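Working notes for the structure below.
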Amino acid sequence: MPGNSFGQFFRVTTWGESHGPALGAVIDGCPPRLPLTEQVIQEALDKRRPGKGGAAETTRKEPDRVEILSGVFEGLTTGTPISLMIRNRDARSRSYDHIKDIFRPGHGDYTYLKRFGIRDYRGGGRSSGRETAARVAAGAVAQLVLDLAGIRVHAYTISLGGVHAEVRDLERVNENRLFCPDTKAAERMEERVVEAKKAGDSLGGIVEIRAEGVPAGLGDPVFDKLDAEIAGAIMSIGAVKGVEIGSGFRAAESTGSKNNDPIRPEGFLSNNAGGILAGISNGEPLVARAAVKPIPSIRIEQDTIDTAGQPVKLSVKGRHDVSAIPRIVPVMKAMMQLVLADALLRRFSMEITDNCKLIKDRDNGRLV
Amino acid sequence: MPGNSFGQFFRVTTWGESHGPALGAVIDGCPPRLPLTEQVIQEALDKRRPGKGGAAETTRKEPDRVEILSGVFEGLTTGTPISLMIRNRDARSRSYDHIKDIFRPGHGDYTYLKRFGIRDYRGGGRSSGRETAARVAAGAVAQLVLDLAGIRVHAYTISLGGVHAEVRDLERVNENRLFCPDTKAAERMEERVVEAKKAGDSLGGIVEIRAEGVPAGLGDPVFDKLDAEIAGAIMSIGAVKGVEIGSGFRAAESTGSKNNDPIRPEGFLSNNAGGILAGISNGEPLVARAAVKPIPSIRIEQDTIDTAGQPVKLSVKGRHDVSAIPRIVPVMKAMMQLVLADALLRRFSMEITDNCKLIKDRDNGRLV
Amino acid sequence: MPGNSFGQFFRVTTWGESHGPALGAVIDGCPPRLPLTEQVIQEALDKRRPGKGGAAETTRKEPDRVEILSGVFEGLTTGTPISLMIRNRDARSRSYDHIKDIFRPGHGDYTYLKRFGIRDYRGGGRSSGRETAARVAAGAVAQLVLDLAGIRVHAYTISLGGVHAEVRDLERVNENRLFCPDTKAAERMEERVVEAKKAGDSLGGIVEIRAEGVPAGLGDPVFDKLDAEIAGAIMSIGAVKGVEIGSGFRAAESTGSKNNDPIRPEGFLSNNAGGILAGISNGEPLVARAAVKPIPSIRIEQDTIDTAGQPVKLSVKGRHDVSAIPRIVPVMKAMMQLVLADALLRRFSMEITDNCKLIKDRDNGRLV
Amino acid sequence: MPGNSFGQFFRVTTWGESHGPALGAVIDGCPPRLPLTEQVIQEALDKRRPGKGGAAETTRKEPDRVEILSGVFEGLTTGTPISLMIRNRDARSRSYDHIKDIFRPGHGDYTYLKRFGIRDYRGGGRSSGRETAARVAAGAVAQLVLDLAGIRVHAYTISLGGVHAEVRDLERVNENRLFCPDTKAAERMEERVVEAKKAGDSLGGIVEIRAEGVPAGLGDPVFDKLDAEIAGAIMSIGAVKGVEIGSGFRAAESTGSKNNDPIRPEGFLSNNAGGILAGISNGEPLVARAAVKPIPSIRIEQDTIDTAGQPVKLSVKGRHDVSAIPRIVPVMKAMMQLVLADALLRRFSMEITDNCKLIKDRDNGRLV
């Protein structure tokens, strides 16, 4: 309940501040006998490494090295909690002294103080983007579960600074630093980033998440609809201000005759549903999109107040990304992986008739 | 975990199918000593009564009478589970026989069967819109908690069939049958509804939810962000395909200098944040919007298949609403009420220092 | 969290006061396609009917009629919440007026007021034994899940008023009104009950619960050990003051060489473990015992205070059972059924490799 | 749900195997602004250090050094997850090779394999007693919450190898290595330990847990009774086979007139209730007792089988404790601390009326 866990069957608890000794995740509920190495997790983490994102990002070095502390024995998961830790190595607390007593507009400084009666001014405490490293690490473990079902998750940038991707060539996503499936659009996005940087401003964008190979029948029909889980998961990522599934906000302008997906014996003829009907997957690809707000830390001077309530002008100096987009893309993927691993395990718990047979057959009355 | 409960401190479990004997909700975690009568709940339920929504709705009579079965003694809540029941009186199962073996496009028929291996063809089972009556009833109880903090929740239609409200005159919301805060737009919306009905088609729209009087400091900074809870809650309502907070998808096209809300000693100068920063309320009004898809049941003929996989042409006859909008508005309000009641109780559990003093002072060492 | 739900996968929420309009349970997480009728539940309820327990019980008529309000369609569970309701018919509130302002010794009157700041003096509110009718009803549904695995649960009285059963003839349990597996001991127990009644006093006892056919591998090794779940479940029944598993408190006096259960190829040679090792079932019968305190309402005069803190002498008049034993036996059985149904579903959710195959085979790539 | 978390408001998740790189706990839900240092936790851990327990224990050096990885800033808790880690330094895996393929009687080897389909033979995996180090560390943090309410928890040995403590001099508990409140009994217990060691056997015992200063009104009246939480918590400690509250199993032999605690204006005249009535604390000291079975690893030869089902004779050589008692005492204390911290936070979440006033007064309408 206290807010730092996600999932009910495949349950991830993250911990750690951006400037504390370390951050990490504990995964409880991962099935046993899945192959897991630090390398698999490290590869996912490397995708969100700054310095890779080109003009949109700062050049701060932040070599996140994951360590598996428990839950794996002889290369296989054991079914017990998997504890992952990443040491913070670049925790220069001093660099936050100048904003120690100032509420940065668009940041959680003020609300965090109201919530906890305490402010961890060193990089935002738990509100820091660094917390998402733990999510990405956990997502890589969730993928082991998804592998069994043949599910693949993609996340990519379809809009940045007003430039929209026209095509969805998923092969291209990892070829550019903005994770954009449209190479030409990616170039124009980079131009927008350079302009914004020069202006001391920042940019928003849209990320699309697509999961393929999802079997029909995941999700529940009421509060725990699969799309409700996805919406909550994606909105739990800092900077996200909107989520839509399938035709999304366009559905609001549409009619039933256009928005319904006709069904033919060979399958659905379209996917306005985004792979989900009545909260349950229908076997089509899951498609979600998230609106990402511009990073609030900008060089352009803004009005704000200090902790004493006095007016202050703030111009955020130093290294800051122009857009959250490149870093946020792997986090979107991770959250979708976590939602789907949880939904898969949840469904299986109900397959009681078949499972009872399965266990009886396996045991066959013998002690061993 | 099994999917029919919402909230962690103020916890609602709904039950019941559209064509079973009854439906209801059990509310566990409602604080004691709050005044509660059936009348208060009934008034909320009456707002979603069909026949009230004008051209957009069917004229089926559906007099939902709520009965409080537990948790109230001498007019006050007791702190124990509040059980609410609404008998189904209009459960004409026969009228579903013609679609018994057909997967209606845009409906959950197919996915429900895949999930449960069983199909309750009588009106969609738990996927039915009738389930939301239980949510509305529970929302009215949640409001008792919100009353203590001075929180008021509004929900209203800002778009229907492509017609957008230009003004937000909340005084007008209950004056028209579409819950639209713009009387002129409401008239044009009604025209669009009449046209769609004539064409045998249906319409989507957008509902805005606004909560005023929300104290700063509600919500948690990681997975249980207040906006994540809202997004999950709203997306758990059938027909919703998108949710946004504050500037929402417009933030994706904006820049930091425009999207940040400057702060002055007297308060925030704008509310692009929609009242939430880093997952925690900032004292400004909460503003969320939900995209509602057109109702999938239409008279216009559509391609589909039957349960044997054979192609079928389907034209849905009989009484069907043109848009989910009028009925869904009170449900949106209810879900926001549930989220906020839960967030309030959650925050108080952490006010340990003050609470220990409070309990000590009250007891003062004496037995009674 | 708020305290009226039990189980995580097979989740039961009970509601209702002894003197309100009704009481009931909502079961969320029951797998679909299990045969369920009101008759099955009614039979379990009838076992705890007063008037059946002989001298130990009052003769108050209390015809508990259960009604299934949801979750069953055409005789099968649907996988959605099963709502059960029992109307209270004998709610004579007036009979509690004389104790309205008195804290009865051994009862929850005082603590309930401290907890909720309100007192439902009509029969103890949620602390009433009547709440357990909802547990028994839910237990009967849980048995449907256990049936699939071939699990049978027995509960029986092995001690009452100092008389101990010498034999465990489970065939005899339903032949006497105290659910005692030793017919001769049952007779002496009845004598003790008659004596205690005459003296205006009450008696404690011990109930044993035995589950047969439990497959090895249920339970988790840390906090959610199967024995921890059982202990919590049994102790959650009012009047229970102690729980033990297998050799229980005798193990405290024993040595490893005597208390260990040697293993032979054909099985365990003894069952001091009570069927559980390291929190996980070992395939042997589960054996637990619960100490039940004497009913606190007695005719013998006792010292107490009223709600103003003034000393009062209390002699509880009217109909009162001499021992909780006969009524509590079916409740013990029900709680064990609930624990085991939950543990079964929990285990299956981890059988991911086999389940993925199972679902793939079943679907075989086809839409229907 | 997956079984490695405890508590709902003050929530602890433990992770780590006895022979993996480390073990630890994540505490989510600890209120902010409480003073926390590694020293406080270290002192609690040192109490369970082997080598301290005299004859009853092995002499293996096991210097558990706790590291706080998150959740504390400038010496105060921040309200965010507190991650605690203890590196394993003495993980000599080789010493387990000889039992790699043998099911040790009384251990979880067999059930663990049945549960997970995998066996972590290195010291029992999660079933190892080392897991409890994480509980003790978490308990020390829970005590910070209890300090606010003035609650103190004691745990001590009242029976070992058949020797029973006659007095309860809590001042003496830390003066002997068995945590026994009766110095003379402690000496005889040590003698029993020496005899058992010589015989290659092991001993069981009973631990009593006593919490003072617990305010009336903690706990809930149905499933989450305070005694049910305590019973589940205590039974979740390996080797515990029984739990009782107050008069416990003696209540089963008693009568109402003897077992009821009479009430006088100055308080309860006795404490057979063990501080809990109807699941809710009554302001008296909480008293619980746990039966601890003899350690199953003994030198005396026992019958068992190997993983191929073949009969084997097993004599466990090497360093092994004679009784779990000395090590388990601090764990009992920790579990009670965790239960009470959770119950305190849970209760406060319902004090809504007072809390709303409190927050309004504090904020007073101003932004900061």
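By letter and in written order, the chains are A, B, C and D; residue numbering begins at 1 in each of them.
To be clear about the criterion, a residue touches a chain if its C-beta (ideal position, glycine included) is under 8 Å from a C-beta of that chain, and two chains touch if they have at least 3 such contacts.
Since the model is a prediction, treat every value here as computed from it, not as a measurement.
Q: Indicate the lowest number of steps between chain A and chain C, counting one step per move to a touching chain.
A: 1
Q: Keeping to the contact definition above, tell me which chains border both chain A and chain B.
A: Expected: C, D.
Q: Cα centroid separation between chain B and chain C, in whole Å?
A: Computed value for the inter-centroid distance: 37 Å.
Q: Measure off the straight-line distance from the CA centroid of chain B to the CA centroid of chain D, and report it in whole Å.
A: Comparing mean C-alpha positions, chain D is 44 Å from chain B.
Q: Nearest whole angstrom, what separates the Cα centre of chain C from the Cα centre of chain D?
A: It comes to 26 Å between the two C-alpha centres.
Q: Name the residues of chain B that each touch 2 or more other chains.
A: 1-5, 8-9, 14, 29, 32-33, 79-80, 103, 110, 115, 125-126, 215-217, 221, 263, 265, 283, 305, 309, 346, 367
Q: Which residues of chain C touch chain B once you look at their complex with the stated criterion?
A: Chain C residues touching chain B: 1-5, 8-11, 13-17, 20-24, 26, 28-29, 32-33, 67-71, 73, 76, 78-83, 85, 103, 110, 115-118, 120, 122, 125-126, 305, 307-309, 366-368.
Q: Where on chain C is chain A touching in the complex?
A: 1, 9, 29, 31-33, 79-80, 145, 148-150, 215-217, 221, 263, 265-267, 283, 344-346, 348-356, 358-360, 363, 367
Q: Note which residues of chain B are touching chain A in the complex, please.
A: Those in contact with chain A are residues 1-6, 8-9, 14, 103, 105-108, 110-112, 114-115, 124-127, 131, 159, 161-162, 196, 201-206, 215-225, 227-236, 238, 240-265, 269, 272-274, 276-283, 291-298, 300, 302-305, 309-311, 346-347.
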